Amino acid sequence: MLFPMSSARLSSARFQAGIAATLVGFLLVPLLVANAPLEKTMGIVQKIFYFHVPCAWLLMLSTFVCAGGSLAYLFAGSESGDRLALCSAELGVLFGLCVMVTGPLWARAAWGVFWTWDVRLTSSLLLWLMLIAYGLARRYGGTGGRRLAAAMALFAAADVPLVYVSVNLWRGLHPNTKTVSSLAPGMRLPFFVSLVIFSALWGVLLALRMRVERGQARLVELAIEIEDAEGKSS
Amino acid sequence: MKRVSWVSQAARIAWKDLHIEGRSREVVYTMGFMAALVVLVFSFAFISGQETTVGPDAVAGIMWVAVLFSGTVALSRTFDRERESEAIRSLLLSPVPRSAIYAGKLVATAAIMFLVEVLLAPLLAALFSAAIWPHALWLGLLLLLGTIGFCSVGVIFSAALLRARSRDALLGALLFPIVIPVLLSASRATAYLLDPAAPDLDPALFWTRFLAALDVVFVVVGLWSFEPVVMGE
Amino acid sequence: MSDRVLRLENVGKTFGRHRALAEVSLAFVPGQVAAVLGPNGAGKSTLLGLLSTLSQPSRGRITLGDEQLSRHSPMRAKIGYVGHEPGVYGDLSARQNLRLFASLYGIANGERCIDEMLARVGLDSVRREAAARTFSRGMLQRLALARALLHEPEILLFDEPGAALDPAGAAWLAGELQHEREAGRLVVLVTHDLAATAAIATHVVVLRRGRVARDETRASFSADEVRAIYQEATREKS
């Protein structure tokens, strides 16, 4: 058993298989990345790409999942939707941090500066800030904080394409050379495997984090039941 | 009881805010002073020696930063009026659709902000010799669109923060990341309009349209999500 | 006036980790003044919040006649609420406040209603343009009552209405409540004032730790009876 104390849902064979596959994936990806051809101009530095881009993708995925959960919470009163929104926002902040660390490293090696107002990096930064603001609203927003945060998630999701377009045009449409479609054939397989494995990691972390939240909600329910029983007897 | 249309209910709520503001002028004065201060702070920071101007990009940036910062003052003050003696509860208890409350607050706050901005623009023109007059109407339209975009998000956030202890500190922190695209497109368009050397105004036109599209998206999301946000636990 | 009963069935309300109300079943009948008593934190204000539709029960249901009490606008128009804060705009005059709410409620011939209402609560002699923030607590409470009654609500809710009133004001308020009760309105008030409760209530509910500890209806209560009921219901059992 991977998790001796796991709940019924997490101890299911499928979930454990997922975790196992993710672990195997993390053994596999470095080999694939190491064997991928070197990029002509940037050389070894370009390998950060296999880490950076999946993180950026998961930052965006987290934002949309957070908005989806918030939608279910706001309009259908779904508590699990709210938990999903919180957990994915947290993961978004985490993977966003990876983007914000690896982005400047790459920029320094590729262009000699730590930060360029490149459209993807800037959009990611704004997305990351929105998710951090989501966390602030939840923590310090008082009684209306949860609902406010949910509304922020909706605005953030609506903002994603607008941010991308506006930042892109703001920087004056400069050519993007490092797009996925222009990847050398030898780089594609490691990249996509890395993308899938990172997504699997995200899924595993989300499931684990959701489990903590579910457990907490259950604990509150039980505490209330105990209070109720005491209330009745006194 | 007769049925009252959504528009006239929203208009009543907006009129109420404007009437109160007309009496006290508190928001106009405090927000206007704040905006002027932001502009002056930038002047002291940017202008040195014999220079008299900082270029259209910087003027546009200064103007919109002043709008953003002073706008949070306007938002928190117009919502303070709802919180004092719990008037907001009476409003939420009335049979008015919540989206009409949203629209009313949006119109009133945007109108008050817009008034201050119209007074602010000549100050910029004077301080930085910015060329605001050749495209004054267009600039006014930009200010209006940018203000609507800012308020469409700000009204929801202020309403939701009514019960939060650190609402004034939180409002800006939560609002600014969301309204960055508004700031971006509005200040870009403004920079093109203020630039006498600009070869043509196509980019300004593009950004104005983009800003209008942003407003539509934000107002739609706002109208739609205001009710569940203020619904209470 | 309608004769619909406001009924709570097994209603529970939790806030995060805190259970504010548990298994509350009550019936409020038109033509009665129901007083909800209880120590601080017993769930009185939570109960009033649920009845006002501004919050929703976590469990159970609340019905008015055979209608579910919902937060939709036609239902909100049937409720009048007087809180311990007056719920009016301090920058507007009494008349302007009433005019605003009359128009939001879609009251036909609003001006006449407003005149009548101002006369009824004794604010007709106040200087016309005086802003509500210059009013004394008593005057504000009168204005709050006028606002709550303007749209002829079926249900009248009061949250500690007498808390800030002087004895004369409290007596006036008691008279108004009596009047509303006789007019067949359903009145629920949350209060700490046992003596005032005795003067007007015909239905006494005592909450303790979010539960109904006592639920009594009589033609009238004496101050001693109310005190006895309250003490008996809230006594800690060891």
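When the chains are written out, they are named A, B and C in that same order, and each has its own residue count from 1.
Criterion: a residue touches a chain if its C-beta (ideal position, glycine included) is under 8 Å from a C-beta of that chain, and two chains touch if they have at least 3 such contacts.
This one's a predicted model, so the numbers in the text were calculated from it and none came from an experiment.
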Chain-level touch network, classified as line, ring, star, complete or other: complete
Chain closest to the middle, measuring from C-alpha centroids that were averaged per chain: B
Length of the line joining the C-alpha centres of chain A and chain C, rounded to whole Å: 48
Cα-centroid distance, chain A relative to chain B, in whole angstrom: 32
Rounded Å distance between chain B and chain C, as computed from the means of their C-alpha atoms: 38
Junction residues of chain B, two or more chains touched: 231-233
Of all residues in chain A, the ones touching two or more other chains: none
Complex contact set, residues of chain A against chain C: 220, 223-224, 227-228, 231-232, 234
Complex interface listing, chain B residues touching chain A: 153, 156-157, 160-167, 170, 173-174, 177-178, 180-181, 184-185, 188, 206-207, 210, 213-214, 217-218, 221, 225, 228-233
Residue ranges of chain C touching chain A (in the complex, touch as defined): 14, 16-17, 19, 22-23, 209-211, 236-237
Complex interface listing, chain B residues touching chain C: 1-4, 8-9, 12-13, 16, 19-20, 23-24, 81, 84-87, 89-97, 231-233
Residues on chain A engaged by chain B in the complex (per definition of touch): 74-75, 126, 129-130, 132-133, 136-137, 140-145, 147-148, 150-152, 154-156, 158-159, 162-163, 165-167, 169-170
